[in-house]
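Next, two complexes with subunit A in common: one pairs it with subunit B, the other with subunit C.
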Partner chain A sequence: MAKVFIFPATSLILSDMVERWGHEALGAATGIRERIQTPSLDSPPLQMTPEDPKKGLKYAAVEVPCGVRGRMALYGPLIEEADAAIIINDADLSFGCMGCARTNELVLYMIRQQKGLPILDITYPKTDDEGVAFVTQIKEFLTGLEGDKNE
Partner chain B sequence: MNEQPVRVAQLSCGPEHSGVQKEIYDAAAAVNAEMFFPDVTLADIRRSYDAFGLEVRSGDLKLAIARAMALVEQKVDADAVFIATCFRCAEAAIVRTELRRYIQGNSDLPVVSYSFTERTTSGTLLTRMEALTTIARRRALLAREKQKGTTMGIDSGSATTKAIIMQDDKIIGTGWLPTTEVINSANGVIEEALKEAGLEMADIEAVGTTGYGRYLIGNDMKADLIQEELTVNSKGAVYLADRQHGEATVIDIGGMDNKAISVLDGIPGTFTMGGICAGASGRFLELTAKRIGVDITELGPIAMKGNSKIVPMNSYCIVFGTQSLVNALAEGSSKEDVAAAACRSVAEQVFEQQLQEVDIKEPVIMVGGTSLIEGLVHEMGELLQTEILVPHHSQYIGAVGSALLASGFIEEK
Partner chain C sequence: MSAKEYIPTYVGTITKYVFIDSPNVTPQTLAIRAYEISEGLMIKETCFGLQVTGDPETVKNLITELRTVDPAHIFVKDRGFPPGDPRRCRANLGGARPGYYGHEFESGLFRYISHGLMELEKNAAPTVTPLGKKRLDEGKLPLNKLIEIINNEEAQ
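Showing the complex of A and B:
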C-alpha cells in the first residue's frame, strides 16, 4: 500500500479511487480528519489556530499571505510523506477545490520537486470518452504503484 | 440581551486556514451579532463567475462572489456584510474592493472589509463589528438630527480625552486633557466641562461615552450609551458641519488610528479603520513638531508657509519617516518645508492606505484633533482635489456625537 497525495486535495472522488485500488489517499481529509464536520463548499471552521500559518513558514516566506501558509501547514507535511501523487489539472469545482490559487501553485511545484516521486499528471476530462480514459489512467497508475517507501 | 442578533454575512477567503475564524466569531458574539455564510449552489457559483465578470482563479473568491450576488439579489437575507481576505494577497484585494463597491452600489447593506493576518484578534475586529451592527440595529438612533435636554459626551481617545456638555442643541461646556490614567483623565475633563457650563453632574440627563476607554468610563458612570467611535464620530461630523442630508465623507486622523466613513443622510455606510503604522497618524505630526522645536498647535501654520514637495518624506513606517525628517533637517531644509512635507506624508498614507476603501463623496469633512492642523487639511484637500470642511469644535467630535446620540435616551427614562 502506497501513500498517494491527491490534487485537488479536497477531491472525495479521487480519494475514493485511491482507496479502492488499495492505497492510502493523502488529502485535506487526512490533514483535518479530526476537525472537519462536512466537506461542503461552506468552508466550515477547521479549528486551525494562528500557530498553523507559523508552521507554514517552513514552506512559504513570511510575506506570503497567512491563508497560503495555513494551507501549506496542512498539505506540506502530506507531500513530504507521500510515496506517489496524482495531479488533476483544471479540475471542475465539483471535483474538488482547495480555495486558493496561490496555494495550488505552490503545492503543485512542491509535488513536482520531490525527486523520484511517481506522479500521474493529467487534465480533467471534458467528454465521456476522455472520462473513460481518465479513470483508466488513474487505475493503471495506482495498480502499478509499489508499497510504502519505508516498508 | 433580548435583542435579536444582527445577522452578518461573511464573504471571505482564508480565515479558517489562518486560524482567525474564531476571532471573527468572538468579535461578532461580543456585539450580539452572528456570522453566517450565505448558502449558494454550485450552479450559482458557475453563473456568478460569468455574470460578475471578474476572472479570479481562487475557488474561495469565486464562492465569495457568488455569495455577494445572492445577497444583492435578495436570495439570502442579511443585516450587514463582512468581507475578509488575507493581507498581502493581490487577487483577494481586487475581489474585496470590487465586492464592497458592488454591494454598496446595489443594496443598502452596511459593509466592512478587512484584510487579516494570523495575528488578527477579536479585539482588533471588535470596533469594526460594533460599528457594523450599530448601523444595522440602531438606524432610528443614528437618524437623530437634534440634541435635546442636557447631555454629556465623553471621548476617551488614545492621545486625548474630551468632554462636551450640550443643552437644547447647543454646546455649553468643553473639557480637553491628554489621556493618562483613563478614569482620572475622564474625571478631569468632566470637571472642566461642568465648570464651563455652570452645571452640576446631577443636571446631566444622559451620558454617552466613546473612544478606546468607552467601556471603562461608561460602566463606571453607568452611561446611557457606550458606542464605538466610527458611528459616533461620523454622526458628530455631519451634525457640526450641518450636512445631515445627502452624501458626505468623514475623515478622522487620530492619535493611533484613522477612520474614513462614507455617510448618507447622517447614517454611516461603508467605513475603514486602521493605519499600518503610527507614521500615518497624528503621532507622526506630534513627533515632527517636537523635532523642529514647536508646539503641535503651531505646526499647521508653519506648514502652510512651507513647500511640501521640496522635501522627500515617506512615513509609511514611523521609523523611516523619522529618518527622512532628521535627514531633511541635517541637509538644511527649512522647518516650514519639513512641517509641510510631514503633513503631506501623513495625508498620502491615509489616502493610499485607507481612502481607497471608501468611495469619496463630497463634502469631505475632517474631524478630530488633527483637523486643527491646517497644513494637514490643506494637503488632504490637494490630494482629494476638493475643499475640505472642518466644522467648529471638530477636535471634540466624538464627545459631540456621544452627547447628541445620548439625548435619544432621555425620553426612555
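Showing the complex of A and C:
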C-alpha cells in the first residue's frame, strides 16, 4: 500500500479513487485529524497553533505570509511522507483566498521538486469518454505503484 | 491573551463520508444497510449518504461492505472532523458547511466517473486518450491575437 498525496488536498473523487484501489490518500483530512485529536491549547477551528507557521519555515521563507507558512506546516510533511502524487491541473475549486492560492502554487512546486516521486497529471473529466480516461489513467498509475513496491 | 486547554474528543477514530449517486440505491437504503452491519460505529445519515465514525479497522470493513451495494456509484472520502463538531457543523455556524462547495462541484462529475468505472468493469484495459497537464496558454488570450488587437487599435 502506497501513500498517495492528492491535489486538491480536499478532493472527494481523488480520495475515493486512491482508496478504491487499495492505497492511502494523503489529503487535508489526514493533517487536520492529527491536529484536532492532539491535546494542546485551544485554537479553533482547525487547531492550527502559533507553532505551525514556525514549522512552516522549513518550506517557505520568513518573509512569506504566516498564512502560507501555516498551510505549508499542514501539507509539507504529507508531501515528504508521500510515495506518489496525483495532481488535478484544472481544479479551480481549490482557489480560495490569496493564502490558499499561493500555498497551492508552493505545494505543486514542492511536489515536482521531490526527486523520484511518481506524479500523475490529470484534468477533471467533462464527458463520458474523458471519465473513462480519468478512471483508467488513475487505475494504471496506482497499479504501477504496486509493481514498484514489489520489485 | 489567556490560553485555554484543548481536550480532544473521539481520539483514535476516523471519520469517512460515504456519497451515493445511484439511480437504484437511496441514502436511506444505504444507511439501513450500514446500521445492520455497524458493529457499534457512529453513523450519521445525510442527504448525500452517510458519515461513519469509529475505530479505523471497523470503519474500513464497513466501507468495503457498503461499496458492494453499488460499486460504481458509491464514493468515499476521508474527513478530519467527527460529525456534528461545533467548529464545522452548520447548525452552529449557519449557512453551508465549509467544504460543502467542493463536494457540490465534484458531485456534478460523479456521472462521468461512474461511467468510467462501469466501462472499466466491462473492459479492463480500454483505449483512451490520456488527460494530461493543462496547457499554460489554455483559456488565455493568444499572443498573436493580442498583437492583432494592438495593431488594430493603433490603426484607428
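Here is the rule we use: the second predicted complex is superposed on the first by the 128 of 151 C-alpha atoms of A that agree within 3 Å, B and C clash if a C-alpha of one lies under 4 Å from a C-alpha of the other, contacts with A are read in each partner's own complex, and residues count from 1 in each chain.
Quick note on the criterion: contacts are C-beta pairs under 8 Å (C-beta built on N, C-alpha and C of every residue); 3 or more make two chains touch, one makes a residue touch a chain.
All of these numbers come straight from a predicted model, not from anything done at the bench.
**Q** Examine A:66 and indicate which partner it touches, taking first as subunit B and second as subunit C; both and neither are also allowed.
**A** first
**Q** Answer with first, second, both or neither: which of subunit B and subunit C does A:77 touch in the superposed model?
**A** Once the two structures are laid over each other on A, A:77 reaches no partner at all.
**Q** Look at A:118 in the shared chain and tell me whether it touches subunit B only, subunit C only, both, or neither; answer first, second, both or neither.
**A** In the superposition, A:118 contacts neither subunit B nor subunit C.
**Q** Does the superposition put A:99 against subunit B (first), subunit C (second), both, or neither?
**A** first
**Q** Please name the chain, subunit B or subunit C, that touches the greater number of residues in subunit A.
**A** The partner that reaches more residues of subunit A in the superposed model: C.
**Q** Contacts for A:89 in the overlay, against subunit B (first) and subunit C (second): which applies, first, second, both or neither?
**A** After superposing on A, A:89 lies in contact with subunit C but is clear of subunit B.
**Q** Which holds for A:52: it touches subunit B only (first), subunit C only (second), both, or neither?
**A** A:52 sits against subunit B, while subunit C stays out of touch.
**Q** For subunit A, which residues lie in the overlap of the subunit B contacts and the subunit C contacts?
**A** Residues 41-46, 93-94 of subunit A touch both subunit B and subunit C.
**Q** Within the complex, which stretch of subunit B touches subunit A?
**A** Of all residues in subunit B, those touching subunit A are 13-22, 25, 37, 39-40, 42, 45-46, 56-60, 62-63, 85-89, 91-92, 116-119.
**Q** List the residues on subunit A that touch subunit C in their complex, please.
**A** Those residues of subunit A that touch subunit C are 8, 10-13, 15-16, 19-20, 25, 27-33, 35-47, 89-90, 93-94, 121-137, 139.
**Q** Across the complex, what residues on subunit C touch subunit A?
**A** Touching subunit A: residues 3-8, 10-15, 17, 19, 63, 67, 75-81, 85, 87-88, 99, 101-103, 105-107, 109-117, 119-120, 125-126, 128-134 of subunit C.
**Q** So in the complex, which bits of subunit A are touching subunit B?
**A** So the residues of subunit A in touch with subunit B come to 41-46, 48-54, 63-71, 74, 93-94, 97-102.
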